[in-house]
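So, here's a batch of structures to check.
Consider the two complexes below, in which subunit A is the common component and subunit B and subunit C are the respective partners.
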Partner chain A sequence: MKKYIFIILSVLLLGCDKMEDNVFSENPDDRLQKTEEEYRQTILAAPNGWFLAINTKKEGAYRFWMSFTEEGKVAMLADMDATYSGIGETSLVPSGSTWQLKALLAPSLIFETYSYLHLLADPDNNIIGGTKGEGLGSDFEFRIVSEDNGGLNLKGNFNNCLARMDPATPEQAVKASEGGLKTVLEKHADYLEAVRFPTIEVGETKYLVKPNTRKTDFAYIDKENNLVEKTVGSYLDFNSLTQEAFASDVHFFEPVELDGMTFKGLKWNGEAYQVEIEGKTYEIFDNKVPPYPLHFGYNQTFSQLYVNANTMQGTLSDSFMNELYTPAYNRLGERSRYIQEMYCKFVMDALSGKPVMEFGVTYENKSNGKTFTAKWHYPYDVNEDGTLTFTDREQTGSTNEFIYEEYIYELPDLFCGLEYSNYGDADNWSQVVKSKIIPHTFKVDWAENKTPGLSGNIGGLFRVEREELFIAGQLKQ
Partner chain B sequence: MKHIKILGLLLVVGFLGILSSCSEDEEIQGALVIQTGLLKNVMYTSALCGGEISGGAEIGERGVCWSTAEHPTVTDAHTSDGKGRGEFLSEMNGLQEGTLYYVRAYAYTNEGVQYGDEKWCVTLAKGRPTLAMVSVTDVKTSSAIVKAEVFTDGGTEITERGFVYALSSAVEGELTLENAGKVKVDGKVGTLKCMLEELIDHSEYVCRAYVSYTGGTVYAQSLYFMTEMFPEPAVEITSIDDIRGESFQVSVKAVSGTPLPILEYGFVYGEVAVPTLEDTKVVLGEGDGEKSYKLEGLEQGITYQVRPYARNKNGVVYGEIQSVTTLSYKAIISTQLSAHITAHRAYAGGEVTSTGLLNAPIIEAGICWGTAHNPTIAGNKVMAEGVDGEHLKFEPLQLFPLNPNTTYYVRAYVTNEYGTTYGEEENFKTRQPVADYFKAEASKEDNPLFNALNLTADFLDKQASADQIEAYNKLVPILTSYGSRILKAYRISLGTNSSKDLSYIYTSLEYENSSGKAYSAIWRSELAVNANYQYTVSHHAINTGNNNASNIINSAAKNGQTEDLERSMNYLTEGPFVIDWDTESSTTFNSAFYIIPLNAPEKYKRMEVYRNTKITVYDPWW
Partner chain C sequence: MKKLKYLICLALLWTVWGCSEEKFTPDQYLHGLGGEDYTPNEIDEWILKNFTIPYNMEVKYRWDQSELDLNKTLVPVKEDVVIPVMQIVKHVWIEPYEVLAGEDFIRLYSPKKYVLVGSPMYNSDGTIVVGQAEGGRKITLFRLNRFTPTDKELIQEIMKTVHHEFAHTLHQTIMYPEEFKQITPAGYTSSWNNVDEEEALVLGFVSRYACSEADEDFAEMISRIAVYGRDWWEQRIAKAHEMYVNAASPGQYAYDPAEAMRQKETIVINYLKNIWGIEFYDHDGEKGLVTMVQEALDRVLNEEYES
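Moving on, here comes the complex of A and B:
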């Protein structure tokens, strides 16, 4: 009986003997070598060279055009001269290196001798910036992660920089050999000048999507009213050169997850950039100002605003210039004193223990070349709708405002007007008696930057009863 | 039998077990997922893709589909790569070169055709070679190394490559194979480098790389470079001889020293200091060589400047000028300027080199000078003594008074009965005025090296003037008469005012009485100065600080010594004077300066530098 049981079990065991399939017909080393050889053939097969984009840790994308030879040499041009004038004509004068594919943990593309590519990782930060010891935090040895969409996805072996290689078309190669790597970035500056705040609107939320030269910035206000910001390394293709488009498509090194949406890149549709999110296409428009509320006030994102009327022409309103600034400027000028700058600053008032808005007018005394500032403090109420009402004003005690307020009164009166019963008889501010206080209410908001060459965040205080009467300037934290 | 039944039962169970163990997997549950595979091996007309299908139901035909438009479907080009779930590989063929394709995996399911995510690629395409210039280096007189890079062949056959180059002045528009010289460089893709040779020196060239291929020829951007210039040829006068009244002979030697030939050489000459080709030219020949030429029809007694020249394609080079004076009835003289030049003085001598063809007696010789070229005896002059037929050379004469910081021109002259001739013109610039140096020195905050000039008894042996010694000596008996006082110093101190300008002069007697006690008697003066740094005394008085000076004046008057006293103490009130340097080393301690009366320069006072710590700056005291 035991003999039968043994036979049956043997048959059963035989029936269950599933020999493990040999999934790979070659050993790992052979497979690695075969993959490496396939990559080598791919690299050498491109008749018009390759574009290599590297997402450096410090500054985002740098782009190269390269040609590889079977003899292990690689010649390249680079786009660094678009942003570093002292680096030489990297987009026109070739630089050379040697290359090899090496079977490390993964097939790795290695650039061996110093070239434009290595400038990005040069530890001497006088070369191209970045930090001492690591430069821009770039790589010159890359493992090939995959081949997809006709190109190679790479990752740096040291700094883990993402990189992407795409074969060039004949037209792109010709443009690249003529300095196109620099030109395409210069052309993009025109877009950035024309569209200050590129924005998309999804539902009721506006998202800033700003494709800068080497990276793309995202920003929006989340449901908790927090400003959420993200940045991804991005690079431009050559469409603005080869297809005579105004702008080139923007490619991200990796998709960006933002507010539950995935952004993969920006395409130029001939009129504007567009982005595709979950099958729907959104067009990017110029919002003129940041697409999220301005937080300007005491302990806010921004607490200071500086106005230089001479360099902000166009951004300041005609009402402000004609009714307030110019009359004040001229009267003070008749006393050899010239307004240079104004500011609004939210500070804590030590006496009252409450925040106040400090308005200052800085002027130069031409007779001795020195500058002085007249300053006023304004207590204020924050209203339910977020507007601010400046309820009073006090001089801060210096002779600057005490002597010259009468010549520039339109400016301090903008926020809160005062009338006096005895100013002329007083020796200082403490002896002055106010006969009438005229408070004004202001809305805090971004101001449109209409001055060519003026940079930074521009915000303003808009008088509610006359919105065209506003003071705007460069915001500081 | 029972065993047979049991065995049969066990066999049935065993077969069922085998069948059970070998049966297919059960239908996988879950949502359909179609994943488009990696899109790779993209070539000119083909590519590899594929996909993986999991989940879903009734999975039928599968593959990839592609189109040049986004979102391709099975109505577009597609593959059919089996049925059912699992991974599959798709070969896409029949693609167009250089075309953007969108690719998706698909599968037929119970819900119709479903698609995976979209991939895209651009197929390879043949274009044209691309290239760029790298550099032009090692630019020499007739060669340069040029380097370029052929990046790609664009999938074409490169048939030739190299550089085209030409003189930039020789081409209009772009440089091409048709309008320029070329150098072929073997190879296809990669670096090309070669040396351009037989270039013309000192010339601008334009150069660029070219690549010819089956579709034509393409060029890199042009680079310009300038070849170095060959060294200039050497040219010199080897001799000037046979000098006569109306002629002399000049020999010139010219050597190229480079492959550049000398196109012409010779000499130019004239009475101007530096003759050029604009003046009279004598062409002697071309190429390397040495030739002579006799100039005739010249004027007697004229000094000519003769200058050799040579010309090649790069221009003209001149050799060293030589002067030659033709013989004359008039005497001929040469100017010999001394190197000793101060702010107010200079020295020049002369030598009569010819007394003329008839040896006429010399009437007068000397030096004349002025601030314009070619000074004559009608202007400033100083006559030399003792120049005659036997004494032809005279030692440097003092030119005085000169103005500081001024350029002067000077010539020796000699006159005989046939007229006056002048030697070659020399020029010099006088030094800065002493007052400037005083001002700079006195302006130093702490311990100026000196702030005064001083004359003491110790200094009498050190080149004091006779007048200076006499003045000192006349003071000795005056002080003896005054009461056996002993003269220790006759001091003239110059001092600065609050603006550090030389403004005061103190003339003092330093003496001791019989007990050895020291006293001073001081006369002081305020100075006025004109634009030429000539000083006059504007105010003069004895010091009011004590009675010493008054007592000495009274004593001298009583003893008939007033004239001697005033001769020494009022010395500088008599007329304008200058203050001058001694030598270049005047700024060192123990060196000397001079006070020199304009009207009697021989009555100079030689003084040493001195730091007078007693000097106080006075406000005007009159």
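Moving on, here comes the complex of A and C:
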């Protein structure tokens, strides 16, 4: 009996009508078409065109000014000519593509034929650079993620590059048509030249916030004394062109989290950039040198320092040039040997098992075109206050060094002076007897970069008893 | 028990009555069904007139990632090369076959889709792909953004690809004789990119890519001879023979590469004639495929065709 009731119940249940229960009032296809049509109308409704900024994987932001037509054509200008030569005047001569909105995984805006936008993604690295087979890691097919403040947030379908579209104002459109995409970047170079190390100070910590033309760099020293570095793709708006400001506002593709703070972008207040963090405004000032301590020494962040006295005019001190370099250069020059480069390098000394500072002077013999590097090793003590005292100096053994040391002695003497009792009678270094050792103490610190066009991290060794007597150079790891 | 039977009958009736009629509406709108929706421009109209209507062929120059390798960085083609490239394809590939094998030949056997890509496709081993065929259905041409109408070398490269891929379609439809694979079996290698042109020649191959496998060898034979011409081919054979004769030591080469190349050539000639009724070389005063392709190339380069 129970069995039959069970069968009856099963049959009854099977007969239930399956009702479709949609969460939305319309079916997906209708909704998709509607959304697509809305986006189409938005894109077509910008009378002065759109600015599109894309954050490429390899080089940060590139910016375009675009005008879309109902017939599916798009004309654009681009800012690539600010960085690359040989690709034509992309900021003045328009390039065209066809465009479409398509329902892929999400409603997507596709630039269908080759244009400036595609230069960035071209896998042929002879076109614009980047990696062979990948280009700069860019996109030309975007899903529309959201709409806000009259603009569109996009994400690339292939490389997931973030992109942002904002409608242009009439003034911006005029500037863009006159090559503004390029000039705004060129103008920004003036800011970067004037403010070498843009820095904010929050509490007792200094943070480097450096808005480069296509990305913004952040750096600071955390509580564990580690250097923390971050980079975000960023682009400049047209304020420096339309409002005649010295610099344009800087927009980040995504907020940057740093030491518990969120950075959303930089605004130019007429005199300096400012950044807003949790309702408070901080002004960016020029710290002249990086806003964190330099770690230069054996097994440190940097262990080498290179000096090219010809290309570092202004950064090297007058004392260094007049008292040491020029006399040495001239005397060696009289023997048709010309100093090209100098370096300080912290290396392990195999004999003593202790690190030493190696000072090298590279000079070219003009008569045969050969170069030679004279090297000296300086054992040193690290003092309690972090300064270094170079306690002695050894030549590294070559005849060439033995012969020419007397003509350039000011340079090796900078770190530790030596007097010899029998230099004139000796045939080689091993016969020389030191009669006096004059050690010097040095402070390791950043040096201010005062040479136009010189880039990189500049550090120096400053003699403690005479701080204006220092050797400065480009730091290497 | 009887009551129960009634109950079952009643339940069944109720069940049947309970079935609702499915409302299937075939006219329901499906977004994107029926192809892409764009305003045709002059390129679209040219393609329609020259490829789609006469040959039922689609020429895709608008970017569509789904037609391509999803893991490869590629970029679309420049609009201004689409018509010139496809015009050359028509003159140098379609027209010779139409004359030799009849108007319906291309309609029957041609791939139905051309996909045009601007950049080359890079392989992880550093080689690049300039053309691809998929089961006789689709031909993808890469690297077209480098095209200029007077660049003979590049035009030959493009047309070599087209003829090469179509040769695949032919042998995938009816296979070439098995003997072809037995002529230089030891020469086939997957690391063909490490073989240079001279090494390939001395092994009896028309090109380095021909060393990759027999199917490629076959397609390379047809496409290279057609696109570079019979004189070029004869010079290659002569050079191969010379290398064989002037070998450093008598036993250096196991066989005469020129002989192997001649055997392959004979198979290609017979295959095209017997299977498809196409003369490869001039015959009885009639022009063969190679001559027609060569003449079309000359006319393309001298801009003798109306655009």
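To be clear about the criterion, the second predicted complex is superposed on the first by the 454 of 477 C-alpha atoms of A that agree within 3 Å, B and C clash if a C-alpha of one lies under 4 Å from a C-alpha of the other, contacts with A are read in each partner's own complex, and residues count from 1 in each chain.
One rule holds in what follows: contacts are C-beta pairs under 8 Å (C-beta built on N, C-alpha and C of every residue); 3 or more make two chains touch, one makes a residue touch a chain.
All values reported here derive from a predicted model rather than from experimental measurement.
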Touching partner for A:133 - first (subunit B), second (subunit C), both, neither: second
Subunit B versus subunit C as contact partner of A:96, first or second or both or neither: both
Touching partner for A:107 - first (subunit B), second (subunit C), both, neither: neither
First, second, both or neither for A:48, with subunit B first and subunit C second: first
Touched partner set for A:71, first subunit B, second subunit C, both or neither: both
Partner chain in contact with A:167 - subunit B first, subunit C second, else both or neither: first
Partner chain in contact with A:473 - subunit B first, subunit C second, else both or neither: neither
Touched partner set for A:177, first subunit B, second subunit C, both or neither: first
Which of subunit B and subunit C A:156 touches, first, second, both or neither: neither
Those residues of subunit A which subunit B touches in one complex and subunit C touches in the other: 1, 4, 7-8, 11-12, 14-16, 71, 73, 96
Touching residues on subunit A, where the partner in the complex is subunit B: 1, 4-5, 7-8, 11-12, 14-16, 18, 38, 42, 45-49, 65, 67, 69, 71, 73, 75, 77, 92-94, 96, 146-151, 167, 169-171, 173-174, 176-178
In the complex with subunit A, residue positions of subunit C that touch it: 4, 7-8, 11-12, 14-16, 18-20, 28-32, 36, 38-39, 41, 61-63, 65, 72-79, 118-122, 124, 145
Subunit A - residues contacting subunit C, complex: 1, 4, 7-8, 11-12, 14-17, 27-30, 32-33, 36, 70-73, 96-98, 100, 102-103, 110-114, 118, 121-124, 132-135, 140-141, 157-158
Touching residues on subunit B, where the partner in the complex is subunit A: 3, 6-7, 10-11, 13-15, 17-18, 21-22, 38-43, 47, 98, 119-128, 130-135, 149, 151-156, 189-191, 221
